[in-house]
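One chain, subunit A, links the two complexes that follow: it is found with subunit B in the first and with subunit C in the second.
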Partner chain A sequence: MSESLDISTLEGARREALIRLIITLADSKRILGIRYSDWALGAPSIETGVSTSSMTQDEWGHARLLYAMLKKLGIDPEPVEHDRPGEEFASIAALDHEQPDWAGLVALMTLADGAVSSVLRSFSTGTLELAQNRVPKMLAEEEFHESLGSAWYRRLAATDGEARQLLTSATEAMLPGLLAWVGADDDAARHMVDAGVIGPASERLTAFRDHVRDFVALVGVDIDSVEASAEWDEVRGRTPGRPDEEACQRARGDLNRALLVE
Partner chain B sequence: MSTLSLPVVEHRRHAGLPPAVTSHMSGGRDQWSPPLKEAPADRVQGTWDLLQEVLDPEIPISLPELGLIYGVEFDDGIARIELTFTATACPCMEFIREDITDRLESEHWIDSIELIEVWSPPWTSERITPEGRAKLKKLGVSA
Partner chain C sequence: MNEFVYDVFTRKERGDRLQHVGYVDAFDDETAKIYAWTTYSEERWFEMCVVKRTNVLPVNRVDGLFFEAQKAAHV
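Here is the complex of A and B:
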């Protein structure tokens, strides 16, 4: 474990970089929860539907803990969670739209959720005490997501019909954006590396590639040959785009605003 | 209309609820002891003893038996409780906070309560005490 960073000493670009990192992780968790919930009633089995419901709950719990980290930077997380326009959401691009089929959700579970966990793993072993304390619990819960995702990925990859083709297409579509996000190496990302908050881009990328290599090989994809997306939004720390408006409304809780009692 | 017998709690901190009404009946509150007449000599131990009466909202073992209480401090009338939850999105978080607050606030020797949420070390079922495990076994729950 690295020596702890005194968060109160963070100023200027480093402080902004940490805010960006926390928000992109928190938004990704929040929208990932929505994408899992999209399938709670449409999964191939009741058991799997229940699993996606549980994973939704986990992701929202993780988002809550991540947004709450902003308090230590003097930022009230409530408007960040409930009042931002969709174009400010910094969740990863793979989550921008509902997956059209179960194979797409399986790819999301294995690759997108795996990408977020890769960055969280790096975050948890960095210098930010908040991350050292909170993220290990999230990663422990993520082990169940990984277990379900890997079982389904292998199952669909072992078929020779439409399911395998859909899984392959989803995998190929997601990977470039995920590689760009995991391996972020712009000024803000380098500030975080310099402060020891996360590991270097090369280290994060290697960990992610190692994590998914055997899976994507099952559908004929060589992870070492996939190139990261070249487009990048430095303000939000993600590739260009935004989640669809319905997802943003649900993430903000627009329809439940009148019921908010906390 | 049935009438619920609810404990009177003077210092509700939750917005939107009148002082004498609790939003639920969890935490084993129907079995809580009456407030102590005398303050305990060891207030930290006294606080632990009170927490032993507060049950998890979903399974009838106490929060300490479930391993959710990581620490108790008592300083100048303030009881500081370090607690965790079984999951980051535990749906009972608010119930648990409210149950602890209600139980401790009923004691005249506790002026205020600070609940400190901690996540390290992460809770696992290993943290359930032998007493808690034995109770769960009687209930047919393996842990």
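Here is the complex of A and C:
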């Protein structure tokens, strides 16, 4: 474990970089929860639906813990969670739209959730005490998501019909954006590396590639040959785009605003 | 894609008897553990385990769930 960073000493670009990192992680968790919830009633079996429902709860819990970290930076998380327009959401691009089929959700569980966990793992071993304290429990809960995703990924990859094709397509579509996000290496990301908050881009990318290599090989994808997306939004720390409006409304809780309890 | 029945056993506290709380359908041991954990989440279990129903050998009955599972497995 690294020596702790005194968060109160952060200012200027480093402070902004930490805010960006926390928000992209929190937004990704929140929208991931929505994408899991989309399948709670349409999964291939009751048991799988119950599991996706459980993962939804996990992701939303993790999101709240991450948003709450903003308090230590003097930022009220409430408007961040409930008042931002969709253009400001910094969740990873793979989550921008509902997955049209179960194979897509399996790819999301294995690759997108895996990407978020890769960055969180780096965050948890960095210099930020908040992350050292809060993130390991999230990662422990993520072990179930990883197990379920990998079991389904292997299962669908072993078929020779439409399911395998859909899994392959979803995998190929997601990876470039995920590689760009995990391996973020712009000024803000480098500020975080310099402060020891996360590891270097090459280290994060290696960890992610190692994590997914054997899975994606099952559908004929060589992770070392996949190029990261070239397009990048430095303000939000993600590739261009945004979650669809319905997901943003659900993430903000627009329909339940009158019942909001903080 | 074949699925199998796994029976779910839990104990709430250390020293409690292991009790049968239900079952899940799953395609392998790993998913059975996940489904059991997320389906029977009403308590903070001290211990939970799953047993593939075909691995339960009936001793004195020639009817019931476990006998039927054995019979089906050997068809």
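Operating definition for what follows: the second predicted complex is superposed on the first by the 262 of 262 C-alpha atoms of A that agree within 3 Å, B and C clash if a C-alpha of one lies under 4 Å from a C-alpha of the other, contacts with A are read in each partner's own complex, and residues count from 1 in each chain.
Keep this in mind: contacts are C-beta pairs under 8 Å (C-beta built on N, C-alpha and C of every residue); 3 or more make two chains touch, one makes a residue touch a chain.
Remember, predicted model here, so these are calculated numbers, not experimental data.
In the superposed pair of complexes, A:Ala201 makes contact with neither subunit B nor subunit C.
In the superposition on chain A, contact is made by A:Ala151 with subunit C only, not with subunit B.
Once the two complexes are overlaid on the shared chain, A:Arg134 sits against subunit B while remaining clear of subunit C. Counting residues of subunit A touched by each partner, subunit B versus subunit C, the larger count belongs to B. In the superposition on chain A, A:Leu65 makes contact with subunit B only, not with subunit C. Common to the subunit B and subunit C interfaces on subunit A is no residue. Remark: subunit A residues 45, 47-48, 50-51, 53-54, 144, 147-148, 151-152, 155, 159 touch subunit C in the complex. Those residues of subunit B lying in contact with subunit A across their complex are 15-16, 87-91, 118-124. Listed in rising order, the residues of subunit A touching subunit B in the complex are 57-62, 64-65, 132-134, 136-138, 140-141, 261-262.
By the touch criterion given at the top, residues 1, 3, 24-28, 30-31, 33-35, 37-39, 41 of subunit C touch subunit A in their complex.
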